[in-house]
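As written, the chain order gives the labels A, B, C, D, E and F, with residue 1 at the start of each chain.
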Amino acid sequence: MGAIKKFMYINRTAPYGSIYSLEGLEVALIGAAFDQDVSMAFVDDGVFQLKKGQDTSKSGMKNFSLAYSALGDYDITKLYVEKESLQARGLTVEDLMPLTYEDQDDDYQEKPSIRVVDSEQLADIIAEQDVLLNY
Amino acid sequence: MGAIKKFMYINRTAPYGSIYSLEGLEVALIGAAFDQDVSMAFVDDGVFQLKKGQDTSKSGMKNFSLAYSALGDYDITKLYVEKESLQARGLTVEDLMPLTYEDQDDDYQEKPSIRVVDSEQLADIIAEQDVLLNY
Amino acid sequence: MLHTVNKSPFQKNSFDTSLRLSRKGSDILLIEDAVYAALKDSAIAKTVKQAVTTHSIYVLEPDLMARGLQPARLIKGIQIVGYEGFVELAVKNDKVQSWL
Amino acid sequence: MLHTVNKSPFQKNSFDTSLRLSRKGSDILLIEDAVYAALKDSAIAKTVKQAVTTHSIYVLEPDLMARGLQPARLIKGIQIVGYEGFVELAVKNDKVQSWL
Amino acid sequence: MKFGIVINEGPYQHQSSDTAYHFTKAALAAGHTIVRVFYYHDGVNNGNNLATPPQDDRDIVKRWSALSKEHNLDLVVCVAAAQRRGIVDADQAKRSGKHAENLADGFRISGLGQLIETGIEADRLMVFGD
Amino acid sequence: MKFGIVINEGPYQHQSSDTAYHFTKAALAAGHTIVRVFYYHDGVNNGNNLATPPQDDRDIVKRWSALSKEHNLDLVVCVAAAQRRGIVDADQAKRSGKHAENLADGFRISGLGQLIETGIEADRLMVFGD
């Protein structure tokens, strides 16, 4: 199939209000098997997908938030969170799930997957991608 | 069935981008047979539903804008358009289709159905309704 | 009169419109993604704090919980209700408008 | 890079985000309800006029026509394309991002 | 008190059908009556009995059917909206020359007049959508 | 040039499927190749062959089937999204114990891997949705 492509999943929707985030996560997990260069961006209400402490017991929906913890095991280790989106929502990175991965190139040390970037940095990262999918 | 109720259809979506406005108009036309006190409000992007000169020939969708002209014949004669929504979109009432009805209580004179009201007036009108449907 | 809102105020204009087109003294219930409007320290918190002084604002607990929002994070004066409370608000008010 | 936007800027934040997260010099194509962003004299016209100086902004003619928007009503500098032009923009740019 | 329920979005894609379901259950538990649940726009997809959601998730279509059975609820799918989107009962399938029907138990197909009637009969009309 | 097309919303409710259709036709007319049209989320409802839209409106499902036949397009419906929403072919109907299938001509059901493959194979991936 030729060269490795840069895939980015851009998440802009909150969880539960619509299914995009859940079905978007399913794409990311399946896509991990294809050995491409994968990253995810969390922008606008997408930052709420990573909020700690989700509990769907009273609303009867499927709580899929724990699946984000699996991303590291699937070698999806670049989770870009836009600083401006966090700030507008009164959140800090401490409000987010502490997602990590084991760095194979650094003696399997556990490192944070979440990288807070500002709009300008994220615009540059988006401009470097080959394939962009939106949830 | 008892007393006549005040039904209001509140239209907040633009035409064509989604089907709400078309299917909402179908409700209004069917509902006219039930002899209730019916009015419609056009708010936010809903004001675009009444824009003159819609032409779907190149986009292949169904042009349903002419059906608004039929509202008068169905005794739906109170079309409230929010002034603030028009202004925010750079529109004036001259941009809208000239919808009219024949006033049975005034020698069948042709009168305009569109009534531009400000937010505060519309809030009062909404508060007087019994049944509110949203498109 | 009861107004419900179900969209995030950061994403769509439904919450703004509910404030503009509801009379003072009305009840507003935030459900689904609209519960984010209740967050302290957000870019719209000032608007919401002001709204709490003119309207009675409620937020649906099952939707708060699903989204991981603790009561301590909410703007003061916003009241938390469950589905039973949602029904009670609809009974107490003589009409309901949904801002979608 | 081509960015497409399909939501009304009066209703949803997609257009704002497309401006914030696209590099200067990018192409932005307004389709579906996003064509309303091209209107002169609107509450957001100032932002759009500014964007025309930093980005190339296009608008899809079939969607303009469906909504009854005449070319004379558009902000100067916005270019009108058809579905063929949409394809050409996607060919010319090496990647495409859809702001929904 | 008599409630009417309107659902304008399909299952799963948006939360509307979930919220409407929990509201309806809570209203019934509080002793209220449900005049009718009316499905409009993509809401008609709540009545598609060919759905098989994952086993670890709720089954939204079956849940409505079960609630209808338990409380004798009138679940009405709008015929015009259903035709556009491919939700048909045996009668509709025959009329439109389709090879199958896919309307779930407890649902029936009827006209928009039923929506207006719900508004007239109910003390409160609750709209759930996107 | 090779295009991949992704459609995330069902027919009629949103314009996405219309825009994707006109884009696809224009790309084909300009001599480009369509690697695949992939239907995800409510987009799977574009493949429901039980739909009967009004005669004065476009028939979105049939239009995709016809375009597929004319240009030998690969129309793929995501299996997981389709199961949730009740879009099944004969094979899926058998597996999940359903009484009927409702997948339109020219469509096939397959996994999410086909979406990733489309992204890899296509020179440009176009996403249409809400």
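By definition in this document, a residue touches a chain if its C-beta (ideal position, glycine included) is under 8 Å from a C-beta of that chain, and two chains touch if they have at least 3 such contacts.
Since we're looking at a predicted model, the values are computed, not measured.
Enquirer: By label order, what chains touch subunit D and subunit E together?
Expert: Chains that touch both subunit D and subunit E, as defined above, are A, B, C, F.
Enquirer: Considering only chains that satisfy the touch condition with subunit B, which of them also satisfy it with subunit D?
Expert: Common contact partners of subunit B and subunit D, which must touch each of the two, are C, F.
Enquirer: Using C-alpha centroids, which chain lies at the maximum separation from subunit E?
Expert: For subunit E, the chain whose C-alpha mean is farthest off is D.
Enquirer: Given that subunit E is a copy of subunit F, what angle of rotation, in degrees and a multiple of 5, matches their CA positions?
Expert: 180
Enquirer: With centres defined by CA atoms only, which chain is the most remote from subunit A?
Expert: B
Enquirer: Please compute the C-alpha centroid of subunit C, do the same for subunit F, then give the distance between them in whole Å.
Expert: Roughly 38 Å, centre to centre.
Enquirer: Please report how many Å separate the Cα centroid of subunit C from that of subunit E, as a whole number.
Expert: One centre to the other, that is 26 Å.
Enquirer: When the centre of a chain is set as the mean of its C-alpha atoms, what distance in Å lies between subunit B and subunit C?
Expert: 27
Enquirer: Two-or-more-chain contact residues of subunit A, please, as numbers and ranges.
Expert: In subunit A, residues 16-19, 44, 59-61, 130-132, 134 touch at least two other chains, as defined above.
Enquirer: Scan subunit C for residues touching two or more other chains and write them down.
Expert: Where subunit C meets two or more other chains at a single residue, that happens at 6, 10-11, 13, 32-33, 62-63, 82, 95-96, 98, 100.
Enquirer: Mark out which residues of subunit E touch at least two other chains, giving numbers and ranges.
Expert: 8, 12-13, 15, 22, 41, 54, 57, 80, 125, 127, 129-130
Enquirer: Among line, ring, star, complete and other, which one matches the pattern of chain touches?
Expert: Graph shape here is other: it fits none of the named patterns.
Enquirer: Which pairs of chains touch each other in this structure?
Expert: A-C, A-D, A-E, A-F, B-C, B-D, B-E, B-F, C-D, C-E, D-F, E-F
Enquirer: Note which residues of subunit E are touching subunit C in the complex, please.
Expert: 1, 3, 8, 15-16, 19, 22-23, 25-27, 29-30, 32, 124-130
Enquirer: Going by the contact rule set out above, which residues of subunit C touch subunit A in the complex?
Expert: 6-8, 10-11, 32-33, 36, 39-43, 45, 61-63, 65-70, 73, 82
Enquirer: Which residues, counting only subunit A, touch subunit F once they are in their complex?
Expert: Of all residues in subunit A, those touching subunit F are 1, 5, 7, 19-20, 23, 26-27, 30-31, 33-34, 36, 130-134.
Enquirer: State the interface residues of subunit A toward subunit C in the complex, per the touch definition above.
Expert: So the residues of subunit A in touch with subunit C come to 13-18, 44-45, 48, 51-61, 63, 65, 87-90.
Enquirer: Within their complex, state which residues of subunit F touch subunit B.
Expert: 12-15, 18, 21-22, 54, 56-58, 130
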